[in-house]
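Supplied in structure tokens, the structure appears directly below.
Order of writing sets the labels: A, B, C, D and E. Residues in every chain begin at 1.
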Amino acid sequence: QGVERVTLQLKWVTQAQFAGYYVAQARGMYRAANLDVRINAGGPDIAPPQVMAGGRADVVVEWMPAALASRERGVPLVNIAQPFKQSGLMLTCRAETGIRTPADLRGRTLGVWFSGNEYPFLAWMARLNLPTNGTPQGVRVLRQGFNVDPLLQRQADCVSTMTYNEYWQVIDGGFRPDQLTVFRYADQGVATLEDGLYVLENRLSDAAFVARMGRFVRASMQGWDWARQNPDAAAAIVLDNDASGAQTEAHQRRMMAEIAKLLDTTGGGRLDPADYERTVQTLLSSGGESPVITRAPTGAWTHAVVDAAR
Amino acid sequence: MAEPVIAARDLSLVFATRDGPVQALSNFNLDIAPGEFISLIGPSGCGKTTLLRVIADLESATGGSITVNGRTPEQARLARDYGYVFQAPALYPWRTILGNVMLPLEIMGIPRAERAVRAKAQLALVNLSGFERKFPWQLSGGMQQRASIARALAFEPKLLLMDEPFGALDEIVRDHLNEQLLKLWAATRKTVVFVTHSIPEAVFLSTRIVVMSPRPGRITDIVDCNLGPDRPLEIRETPEFLRIAQRVREGLRAGHSYDV
Amino acid sequence: MAEPVIAARDLSLVFATRDGPVQALSNFNLDIAPGEFISLIGPSGCGKTTLLRVIADLESATGGSITVNGRTPEQARLARDYGYVFQAPALYPWRTILGNVMLPLEIMGIPRAERAVRAKAQLALVNLSGFERKFPWQLSGGMQQRASIARALAFEPKLLLMDEPFGALDEIVRDHLNEQLLKLWAATRKTVVFVTHSIPEAVFLSTRIVVMSPRPGRITDIVDCNLGPDRPLEIRETPEFLRIAQRVREGLRAGHSYDV
Amino acid sequence: MSRSIIPVLTICAGLVLLWYGGAIWMNWQVVADTQARAGATPGLMDMVRLTLNHARPLLPAPHQILDELWRSTATLPVTSRRSLVHHAWVTLSAALVGFGMGTAIGVLLAVAVVHVRALERSLMPWIVASQAVPVLALAPIVIVALGAMGLEGLLPKAIIAAYLCFFPIAIGMVKGLRAPDAMARDLMRTWSATQAQVFWKLRLPASLPYLFAGLKVAMAAAVVGAIVAELPAGAQAGLGARLLAGSYFGQTIQIWAALVAAAILSATLVGLLGAAERLVARRMGARA
Amino acid sequence: MVLLPAPSAIAARFWLAAPMLWGDFTQTFLKAVLSGYAIGCGAGFGLALVADRVPFLRRGLLPLGHLVAALPVVGIAPILAMWFGFDWQSKAAVVVAMTFFPMLVNTVAGLAAAGALERDLMRSYAASPGQTLWLLKLPAALPFIFTALKVNAPLALIGAIVAEFFGSPTQGMGFRITTEAAKLALDLVWAEIVVAAVAGSAFYGLVALAERAATFWHPSARP
């Protein structure tokens, strides 16, 4: 039987955040599943839903808020698997600014990622009753670029970080952990699901496609499992795949170690509907001028693929 | 009489400028027969260049009519009926002297080998042999003007329009070129319309001299000048010659708006 | 004798061109006393313009020495000792005729009101009143040249360098301007170095005529021309005048490289 | 060319000095903060040393950039993905293809506009509006759209580069093709030269100074275009990918090294154009 | 297709989002583009004047100017954001960097464009360098300078928009285009693009009008 092709679009550049997929490819798990997987790295201006709309990928890695938002806007993405159980998103502040609790955020300048990643933040601020439109009673929002420079250069009081990446850049930038105040979104009750696998809804009516995705998800989860158990080797595989030649080994090992804490490889990637509901509730509460989603979505996830993977 | 080469009827031309119209030509009537050598003479700004430009279809008359070889000026231009020597040399700075003289030949599709031969012959005629490979800015003003004459002659047009071609030349060269031009004219029976400021030159070369006056540009006198085909330089001392020159001078003076 | 305005000793100038050097001036010796009117005459390409340019410090001699008013040409230029009429009008296209004539006055810091008055007077002198507000391209060739003469006269320099200023003008205007120039010269005792191709013009205007020959450019003859300060146009018929003219013509002919 | 060596070196030396001064000044605060947080109180010389060797400086010192450049070019095989030479080549190829296409388009547009008067009014506004469309910001969509049309790899990048560089060429060329004065054009008219002849023998030669000025600007624009287009193409390889990766990880030194490499790359290309211009000018009898 | 919404959808969005579009326009165009354009063109022009005066500088600076021009926006934008902060000042700085070089090159070429005889005339008047500049070189350079002003007009807009990509306040045309494009709100993206195209064209048109008035004497202005 012929090998089938799958194109996977990542959410960000090649790094240990996506180690499972690179491992599955490098260690032959996809090949064993009769798949020829092409992994396209992402980047700051690659929006996976857009790539999907352009018909350039079969499956994408995306955060759930962005996926639900694009669903409302006419690109009906459906979650088929959720390897990441925990959210790694945090807001990291310089302790010297005196910020200790979320209430201290009033009047501060905060760095936030946009392009679909701002929704958890907006939900959190809505819950805190902090306007984000620049009024003095609220917070001043900066559209944060790709790094933590605004914090290091004291242009911002807090910046968005991921547990596995930017946080360590702040540390590398000369801060000791005790000089930082960190708010994990998970701890603030506004955690939303990150890094899930999504496909276009209409393709799920094709049984062959569902079967192919089933094999893909299973092989990917095997990759994640291996990566979790062999973090240093997984980091090395990621490095092999970094075409920009800019990543460092130390950083990727550290990232892999942190990623492992967010994973759940036990359920074969099966999405926990409770996590989904929490995410939707968080988003519906975000409010504001341009809400992420205006009503609870339907059909935004399926277990069909994970079930097919059994 | 054969059909005129140029027939102008009530020709007039008005330039519209920011501060009002300028009447450059007004009710201009002139027939030029084949083989004639017509000189235009008149004060600066009287419309000589403008007239040549109308003939050459570089400017359109705003009134009256004109034909060139029985056709409209445009048809004549497209048929390459004439060669034009401008008042300024207008050489292309990126071409050598030889390249400039060969340019019209190139445009008219003369084979490459012949081009160089013909261009060199014309340069020799205006005494510029040896300067073929120089660029225009390396030549003196008079030399540039001579190069532009060679350029106009190179493709041997039947009608020659020349706007003060010898203005920048010294008397000796000028005499020499006058003789050459006369010889050429006698041999080829070209029709020549020639602008000059020199009365002796006009008398020496022409079959008829058109004296013009300015604002508006019009004809004040047409002086016949039948000194015969054979005109040695010495003819300029004869009473007949001086008489014609005197008449031209008077016409010219009459046309001047200010007292001299 | 008073200190010469211009003193050239063994002056020579060689242009280096891609195909070898061109000797434009060679062993040129000349003293010009204050108030003299010197004409340079000679075949095209003999170095007349080059000489004027060396005097004006627009070109540097490659040999010999030259002083202007006892100083180097550069010092003289910086002291604004001379006015220069170029062979081509070189008017600035973005300025009106009046604006062009006022340009040197502006540069020399003449008050605004006076500028216009002086410029208009000069334009009247060259018979261009009424064209003040036109742009250069709206004027005929001869009119442009006259504007450039007005421009050079406007700031009343003590030394005038004129390169064929009247080349593009008809005989009547030329006679008129010759007389004006002579009057100006007699009244102000300017020193004039004047390039012309017209032998009668040279004889009519000058105190001395320098006849030059080309390749290399050098002096073949210097003809004294003391017709006195008062020169009506009719002087051109006198035997004395014709004698001088004949001598210049011979010098010119001798300098020509080819037979005429 | 050789005449400019001494001036260039002199000014470079001045700039490098300024740069070191600037590096000390700009990095001072960050270093001071870090030291203060660490509870250290370094002396003046130590501070200077630290500011000039900071791993994440606001402005890296020249020697840090040179060191990074040296490590990423000379010490690696050019085929290595960590070699800047490899990345420069990726960018260069897209830039050159784009430059070629952009030049062709720019010149053709200019020729059309100059020859067909009606186009002046109808086409020019669109050309202008096309440049006001921020393609760079749209690059992701453009790349996706082109990909949907089956264009992949070098070509989409080259198209974006071409889009950026045709404009300066078209604008300069329109001016240049119109530069010949009335008399030069009249001369052609008297010979009843065809439009093609007027173009080849008058307008084109007269426009060359304008064309070269446009080409130089366009060359730089093409490199920028190629680099920008690398980002949404997945930032897999090329100087743009290096810039981005550097930026993403806050590796200021790596950004600067990639920047310097990009600058050297296009300066070299612009320099080559300048040499070509001088060669052409010489053949066209320019004064020395 | 999602990527190309219907014009009617764009128009509707235009209407609804007008205040937001105006805010973005103010942030990007009125603040960043105009100030950056003025400073960038001014600096390129000024340096060209200096370079024209000091041949040593011209020979030394021009090759380096080429180096600066070659710096890609995407490279300098993050650095300038680092230096000048996130607000419009850093975008203006990017615009400065982008518009500087076209102006420098064109002005240097333009200042050299005056004819030999025209220069000689100034020399014969012993005109001061300032006078030669003001009365001859600048007028003769105007056609070139306007070429640069025209090329720079849309360039400045692009520069500012792209710079917003590397960090910005939550306002601005570039901010809006990228964030909304990622959210697939393409009607808003296209509305913003229409604003950019119209603003850029109008900017260019104004410069072109000024050019017509200032260089009426140039052969290219006459038919």
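Note that contacts are C-beta pairs under 8 Å (C-beta built on N, C-alpha and C of every residue); 3 or more make two chains touch, one makes a residue touch a chain.
From a predicted model like this one, the values you see are computed outputs, not experimental measurements.
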item	value
Any chain in contact with subunit B as well as subunit C	none
Graph separation of subunit B and subunit E (steps between touching chains)	2
Starting at subunit A, fewest touch steps before arriving at subunit C	2
Higher-contact pair (C-beta pairs counted), D-E versus A-E	D-E
Euclidean distance of C-alpha centroids - subunit A vs subunit E, Å	38
Centre distance in Å when subunit A and subunit D are each reduced to the mean of their C-alpha atoms	35
Approximate Å spacing (C-alpha centroids) for the pair subunit B, subunit D	53
Chain centre separation in whole Å, for subunit E relative to subunit C (CA means)	48
Multi-partner residues of subunit C (each touching 2 or more other chains)	88, 137
For subunit A, residues that touch 2 or more chains besides their own	44-45, 47, 50, 53-54, 145-147, 149, 153
Residue list for subunit E, restricted to those that touch at least two other chains	3, 78, 82, 116, 165-166, 178, 181, 222
All pairs of touching chains, each written as two labels joined by a dash	A-D, A-E, B-C, B-D, C-E, D-E
In the complex, subunit D residues that touch subunit B	183-184, 186-193, 197, 201-202, 205-206, 208, 284-285, 287
Residue numbers on subunit E that touch subunit D, as the complex places them	3, 56-64, 66-76, 78-79, 82-83, 101-102, 105-106, 109, 116, 143-144, 147, 150-151, 154-155, 157-158, 161-162, 165-166, 173-174, 177-178, 181, 186, 189, 193, 196-201, 203-205, 219-220, 222
Of subunit C, residues touching subunit E in the complex	53, 56-58, 77-80, 82-84, 86, 88, 90, 92-94, 103-104, 106-108, 135, 137
Residue ranges of subunit A touching subunit E (in the complex, touch as defined)	44-45, 47, 49-50, 53-54, 66, 69-70, 73-75, 111, 114-116, 118, 132, 134, 140-147, 149-150, 153, 155
Residue ranges of subunit E touching subunit A (in the complex, touch as defined)	1-3, 78, 81-82, 85-86, 164-170, 175, 178-179, 181-185
